[in-house]
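Comments concern the structure below.
Chain IDs A, B, C and D follow the sequence of writing; residue 1 opens each chain.
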Amino acid sequence: MIMAPAGAKRNILERLDAGEIVIGDGGFVFALEKRGYVKAGPWTPEAAAEHPEAVRQLHREFLRAGSNVMQTFTFYASDDKLENRGNAQRFTGTQINEAACDLAREVANEGDAMVAGGVSQTPSYLSCKCEDEVKGIFKRQLDVFVKKNVDFMIAEYFEHVEEAEWAVQVLKTSGKPVCATLCIGPDGDLNGVSPGDCAVRLVKAGANIVGINCHFDPMTCVKTVKMMKEGVERAGLKAHYMVQPLAFHTPDCNCQGFIDLPEFPFGLEPRILTRWDMHKYAREAFNVGIRFIGGCCGFEPYHIRAVAEELATERGCLPAASEKHGNWGAGLEMHTKPWVRARARRDYWEKLKPASGRPKCPSMSTPDSWGVTKGHADLMQHKEATSQEELKPLFEKAKASH
Amino acid sequence: MIMAPAGAKRNILERLDAGEIVIGDGGFVFALEKRGYVKAGPWTPEAAAEHPEAVRQLHREFLRAGSNVMQTFTFYASDDKLENRGNAQRFTGTQINEAACDLAREVANEGDAMVAGGVSQTPSYLSCKCEDEVKGIFKRQLDVFVKKNVDFMIAEYFEHVEEAEWAVQVLKTSGKPVCATLCIGPDGDLNGVSPGDCAVRLVKAGANIVGINCHFDPMTCVKTVKMMKEGVERAGLKAHYMVQPLAFHTPDCNCQGFIDLPEFPFGLEPRILTRWDMHKYAREAFNVGIRFIGGCCGFEPYHIRAVAEELATERGCLPAASEKHGNWGAGLEMHTKPWVRARARRDYWEKLKPASGRPKCPSMSTPDSWGVTKGHADLMQHKEATSQEELKPLFEKAKASH
Amino acid sequence: MIMAPAGAKRNILERLDAGEIVIGDGGFVFALEKRGYVKAGPWTPEAAAEHPEAVRQLHREFLRAGSNVMQTFTFYASDDKLENRGNAQRFTGTQINEAACDLAREVANEGDAMVAGGVSQTPSYLSCKCEDEVKGIFKRQLDVFVKKNVDFMIAEYFEHVEEAEWAVQVLKTSGKPVCATLCIGPDGDLNGVSPGDCAVRLVKAGANIVGINCHFDPMTCVKTVKMMKEGVERAGLKAHYMVQPLAFHTPDCNCQGFIDLPEFPFGLEPRILTRWDMHKYAREAFNVGIRFIGGCCGFEPYHIRAVAEELATERGCLPAASEKHGNWGAGLEMHTKPWVRARARRDYWEKLKPASGRPKCPSMSTPDSWGVTKGHADLMQHKEATSQEELKPLFEKAKASH
Amino acid sequence: MIMAPAGAKRNILERLDAGEIVIGDGGFVFALEKRGYVKAGPWTPEAAAEHPEAVRQLHREFLRAGSNVMQTFTFYASDDKLENRGNAQRFTGTQINEAACDLAREVANEGDAMVAGGVSQTPSYLSCKCEDEVKGIFKRQLDVFVKKNVDFMIAEYFEHVEEAEWAVQVLKTSGKPVCATLCIGPDGDLNGVSPGDCAVRLVKAGANIVGINCHFDPMTCVKTVKMMKEGVERAGLKAHYMVQPLAFHTPDCNCQGFIDLPEFPFGLEPRILTRWDMHKYAREAFNVGIRFIGGCCGFEPYHIRAVAEELATERGCLPAASEKHGNWGAGLEMHTKPWVRARARRDYWEKLKPASGRPKCPSMSTPDSWGVTKGHADLMQHKEATSQEELKPLFEKAKASH
C-alpha cells in the first residue's frame, strides 16, 4: 500500500504535533442512504450489523481515497435514538456499536489509518438539560469505544456548545485524545455564542482538537474554524483544528444550516461539490492552519481523494485511488475524442463554472420559515402592505379628476 | 391635477415634520442615456441646454408618476467635470445649470412638486483633499441654485463622509433645508466609517435629512439607512431620513457598489427591478421610518409610480399616471386573453419569481478585481496550489507500488 | 442632421430595391406604458390625442436613434377596440388616429424618415370569420391613413395568415406599398400553416414586404423570417423581408409567444435585451437577407441605436444619438475609474454573460397552461402516477419479509 | 428476498411477452470511478479482476434497488481497448471478462435477476469500416459470454446504426435473446438516420428489444425510443423496447450528447437527477410503452430504487432497499425536526424545484465547438461584424455634424 509508512502507527496528536496533515473520511449516513442501507429520517447505523459488507466496502473506499481516520459507523447509535419514533431494530445498540468498531478496525489495519469513536448531540439535552443525565448517555457510549480500544474520540455535530463541553468532559475520562466539532456557522451556536468563544470553552473543557462539522459548505466551515482559531489564540490557549464540512454548496443557509433548506435531504443533488471544488477547499483549509481535514454528509470517496491529491506534496504521498485518476484528471489523455483529451489539464477544470442543466430551477433557495431566520432575508418580506379594497376609492378619484 | 392640494406649497421640512411622505424622482443620467441624450462615461447633463424638450418630458413623466421633488438635472455639472477627459461642450457650465433649474421649476409648477438643487462628490477631493478648494467648488454651484431660488438642496453621491460634511457646511450657508446622502452600503464609507457614525457626522454638520443614494439595490440601501437612523438615535440627535437607491438588483456587490460589477453600465438589464419589487421596497422603507423615498440610476417613471401606489393610503392620493395602471395592474382585466386577465391580481405578481430567459448566464457576478473586495469571495480564490509538475513523481510512485 | 441625405425622400420600395437597409422604430405601447401614458391590458393609443408631447418625444428619440420609419401610434385604434371591455375614452377613434398621423409626420419631417400607417388583427376575425366584415374594419382604418397620406402601410401582428391576407388585399387598394408581418414563430400560424407557406400566401395576396413582428425574441424571429424567405424562393416568387421582434429573451415560449409567459406583461424586466444582444440580432438579420430591420415591444431608443450602429458601415451613416454613445460604448474611456475605462472595448461586451442578480429566480419559465403547449414540456408532466394509498401494503410487505 | 418469486427464472422475452416490467441496473463506470476503481478517460473495467469486492458490492446494491438485470461489467473490455493509448493492464482481457461474468452471476443468483453480456461500439468501425473485421471483434467477445452462459445479450452504445446492425447479426448466432440500444437523440444517428429508421433496421437485423442508452437525459431518451417505436409500428414490425439513459440533465446537448458538454466528465454534479426526477422518468417510459427500463452513466442504486418504487403497483412488488426509504421518502416522518417531518409527502417533492446553490454558474452550457452543432446555437454567433477601426470616421462625422 503506497500510503502505509513502515513502523507502528502514531497517535493523532503525535501526527499533528509533528505538523502532519490528517485526512478524515466522508459522511456514512448519506453515502449509505444512496446505496440502500440507511433510512433518511431516523438516519440510524444498524447497517453495521445488518449489512456489514456494505459498511466495510465504504470504509475501504475512503481508505483507498486517502483517509487516515476510520470513524466508527455509530452516529445516532444510542438505544434511545435507535428506537426513536417507531424505528424498530432487529439488533441491539450494543451489537450495532460493536459491529461498527470491528469494521472500522478491520479496514484501518489494511492501511495507515486510525479508528475514531464518536458521540453526537442527544435529544436528552434539549428535553431536560440535566447535565448528569446527558453525561450518562455519553458515558454508556464511551464504554463500548473503550472496550473496543478505538484510537481517539470525536464529539461531533453539536448545535449548543454547552452540550459539547459536557461530552468532552466525559470523553476525557478515557485518557484518549479528544476532538470536538460543532455544526454551526459564522453566526455561532444556537444560543448565539460566537465561534471564537465556543472554541475557547471546548479547549478549556479538555478538547485537543476543535473545529466544525456538517451543516454548511466547505468554505463556510473553514471560515468558521478560522474564527475559532482566532478566538483560541486571542485567549492565549493552544489547540489543533479540524473541519469536516458538507459536500453541498449552501450559500443560502441561515444559522441552522442545510436542514432548513427546502432541498434537504432528497433534492440536494444540484448542490454536490465537484472534485475541483474540493481542491479549493483543501487548499483553503490548509492555508488557514487546519491540519485534520475531512468531510461529512455528501462526501463520496472521490471527494476525499481530491483533498488528498491537492495536499499530496505537503503529505508526501498520493492515495491508492489516484492510480485511477491521474493528476488533475490526467486519465482523460486516454479518451477517444480529441476535444475531451483537451480537458486533461488543471486550468480547464479550475475555470469551469458548471451548468446545472436545470433552467427552471433557481440558484438559491429560501430556507424553511420554521427555522430561525436573520438579516437580509427579512427585508425581502412584504408584511403590512395595503389591501386592494382600501385603494379602490383612490383609483376612482384619480380617474374622475383627470 | 389629482395630486396638487389647494394652497401654497409647503417646504420639505414642513411636510416631513407633519409626518407626510415625500416621493423623489428617478435617475436622469441612466434614463436619458437610453433615450439618446446622455453619454455613459462622462455622464454629464449638457442635454439640459442641448435638448431641453427631452429633459422636460422626463421631468413630466416623474411628476405624473407621483414625484414631489424635481431634482435639477445638474449632476456632474461643474465646469471642471464638464470638460474632463476631452468631453468638450457646446454650452458653458452656467448655461447648463441655469437651463436645468428652469426646466425643473417649469414642471414643478405643473403639480405638487418642489425643486431641489444638487451637488455631488468632486475629483478635487480625491486629488488634493484641501478643504477650502473643495468647498469653493460647492460654493460656485450653490450660487446658481440660490440665484434660481430652488426650494432646497441635496448633497448626494459621496463615498467619503468627510467630503459630504464639507458640502453640507457650504450648502447650509444658503439658509435652505439641506439633505445629504452617501452612496455607501452597510459596510460604511470607503474609509470604513460605519453608516451610523456617518449619519451622526452629517447631522452635526447641519444636514436636516440624511440617507443613502445610488450604488446598491433598494433593500440594501434601506438597510443602510436603518443603520444610520439607529446611529443618530443612539447619539441622541434628531433628523429626517431619505433613500434613493438603484433600480438594479445587486446582491453580489462589494463595498464599492454596482460600478465594480462587470455588467456596469451596459449589461445591467437583467437586474432591473420590476414594479412589484418597488412595492416591497416602498413598504420596507416606510416601515423603517424613512419618509423621503425616491430613486436613482435605473428608476424609470413606472418605478416611481409603483412607490406612489404602494403608499397611496398613507399619502391619501394616487399619482396621475395610475389612471393608466390600476391597482396592482388591474388594467389587465381588459386584456383579450382570459389567462392574462387572470393575472390582474396582487397575489399573482407578489409571488412571481421572474425568469431571466438567459439560461447561459449566471445569477451572480464577481465584482471587478480592481475594486476593494472582502469576505467570502476571497475564500473562493485558490492561491497557492501545487503545480502539476511537482506531482508527477508521486503519481508514478502510486502506480508502481500498487 | 447627420442622417438626412440631400434630396427628396424616396419610397420604401425604391430604397429596398436599391439594396439599402431601412431601420424601423420600437414598440410604442410598452415604452409609453413605462412612461405612464398607456394602460397595459387594453393597450390602446389614446395618448396620441391626450398627451401628444409624450408621443412626439418618443418618435423623436427613435428618429435620433436611427429609425427611417415613423409608425403611426394607432395600434388597436379602431372604435370597437378603443371601447372594448369598459375602456371608455375621452376622444373618438378618428381624433386619435388623426392625431397619431400628424405626430408621426411632424417628426418624420425632422429627418430621413417615412410614415407608415398600420392595421392589426381584429376581434371580429375570431368571433365571426366573415371576410366582408373584417375587411370593412380594415377599410375604415385605411381611410384615415389615405386622408393623411402616409408613405406606406403595414399589416402587422396577425396570428392567422388568412386574416393577414384579407388585410393585405384591402391595403393594396390604396396603391401604397404594403408590408405584412405575422406574430408567429418557427412552428407557423395558429392553424399550423408553416412560415414558408404563410409568406407565399401573403406575397400572392399582394404584399411587397413580408416578415415577422412581436411575440418572440430577435433570433427566433430572424429564424422564422428565414423560413419565410426560403418558402417564397422555393415558390419562385419575389419579395422584400422585414423583422420587428421583441426586445425580450423568450427561449421558453410555446407557439403563442410571450403572452403565455407568466412574466407577461409586468415581470419581463430580466429578459430585456442589452444593446450588445441587439448588435448580434442586427448582424444576423442582415446576413439572412432581411433589409427592413426594426423592433416591437420592449425596444427602447437605445436598442434601435445599437441596430443602426451595427449596420453603420453598410448604411454609410451613424444615427445622431451615437454622438452620445461612441463605438461599442467608447464613451467609457471618459469614466473616472480605470477599471471601467478598461471596459470601453467591443471584446469585453461581446463576451459578457450578464448576471441577473436574482439568485432565487429561474432562468426559464413554464408558459401558462391555458395556452397551447407542445413538445418536450409535455414529457416533464407526471400524469398517471400511483397514489400513496395503493403502495402502503407493498411497503408493509417489504418490511415484514426482510 | 421480497422480490424473488418462487420457481425457475424466466427468460427476458418470456417476461416481456407476459407484459412484465424488467428493471435494468445503472452505469458501472461512472459509479466505480467515484468509488476509486475506474479511470475516467480509458473507462476500462479491469476492476472486475483487480477489485472484485467493489464490483460485487455495486451489483448487490442494484439488486437490492430492484434491478432484474445484472449487466456484466465488461464495457470496453476487448483487448485492443484495454491496451489503448498506453492503458497498460495487469490482467488479460479474458481474465477481466470472465471475472465480470462470474461476479454478475454470483449476485444474480442472490435474487430475481438475469445476467446480460454486452458489446459496444468499436474503434475499428470508425477506422476501417470493414464489416468482417468489426464482426470478428464482436465474435471474440461473444465467445466468452457463451462460455459463461449469460442469459441474454445487449449490443449497446452505438452512434452509427450500421455498426449496431453488424453487432446484432453476430450476437444472434448465439441463439440468445438480443437487445440493441443506440446512444443517439431525436435527431438520429451520426449519419442522420432517424430514430424510426434506425429501429426498423435493428429489428430487421434480428434484435428482439430495441431502444436507447447513454448520452442524453431520461426524458430525451424516452422521447427518442417513442420515435423508434412509431417507426417500427409504421413498418408493420414487432419488437420490445428498452431505455437506459443518463442520470444527468442535458437540455443543452447537441446531437453527440453529453460528451460535448464542457462539464463532461468531472463537472456534471449539478446535473444529477434527483430520485423524484426518476419517478417522472419511470412513469413516462411506462406510458410510452417501454418495458425494459434501466439506467446508464450517473445512475446510483437509489435512482434505480426510485424507478422500482414508481412502478411498484404495476410490478406487484417493491425492492428490498425500499425498506430503507418508505413511500415517497416516508422515513422523514421519523426526523427530529417537525419542519422536516412535514416534507414526508409526495406533493412536497413533486413540486420542488431544487436550487443549485451555485449562483455564479449558468443553467445551460454551450457544447464544445469541436463537436457537431446545429440549430439555434448558430444564430447566437456573431460572425461578420464590423470592426471598430472601420467605424471611427463615421463617429467623427456624427460628432462634427451635430
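By definition in this document, contacts are C-beta pairs under 8 Å (C-beta built on N, C-alpha and C of every residue); 3 or more make two chains touch, one makes a residue touch a chain.
Molecules present, by chain and UniProt name: A, B, C, D = Betaine-homocysteine methyltransferase.
Fair warning: this is a prediction, and the values are worked out from it, not measured in the lab.
Across A-D and A-C, the chain pair carrying more C-beta contacts is A-D. The rotation relating subunit B to subunit D, fitted on Cα atoms, amounts to 180°, rounded to the nearest 5. Where the sister copies subunit C and subunit D meet, the same residue numbers recur on both sides for over half of the interface positions. Relative to the C-alpha centre of subunit A, the farthest chain centre belongs to C. In whole angstrom, the spacing between the mean C-alpha positions of subunit A and subunit C is 53.
Spacing of subunit C relative to subunit D, judged by their CA centroids, is 43 angstrom. Each chain gets one centre point, the mean of its Cα atoms, and the points for subunit A and subunit D are 32 Å apart. Those residues of subunit A in touch with two or more other chains are numbered 252, 320, 323, 326, 330, 353, 355, 359-365. Note for the complex: subunit D touches subunit A at residues 33-42, 53-54, 57, 60-61, 64-65, 84-87, 123, 217, 248-252, 259-276, 300-302, 305, 320-321, 323-326, 329-340, 342-344, 349, 352-365, 368, 370-371. Subunit A contributes residues 1-2, 219-220, 222-223, 279-280, 283-284, 287, 309-310, 312-314, 316-320, 322-323, 326-328, 330, 345-346, 350, 353, 355, 359-360, 362-364, 376, 379-380, 382-386, 388, 390-392, 394-395, 397-399, 401-402 to its touches with subunit B in the complex.
Across the complex, subunit D is touched by residues 252, 359-366 of subunit B.
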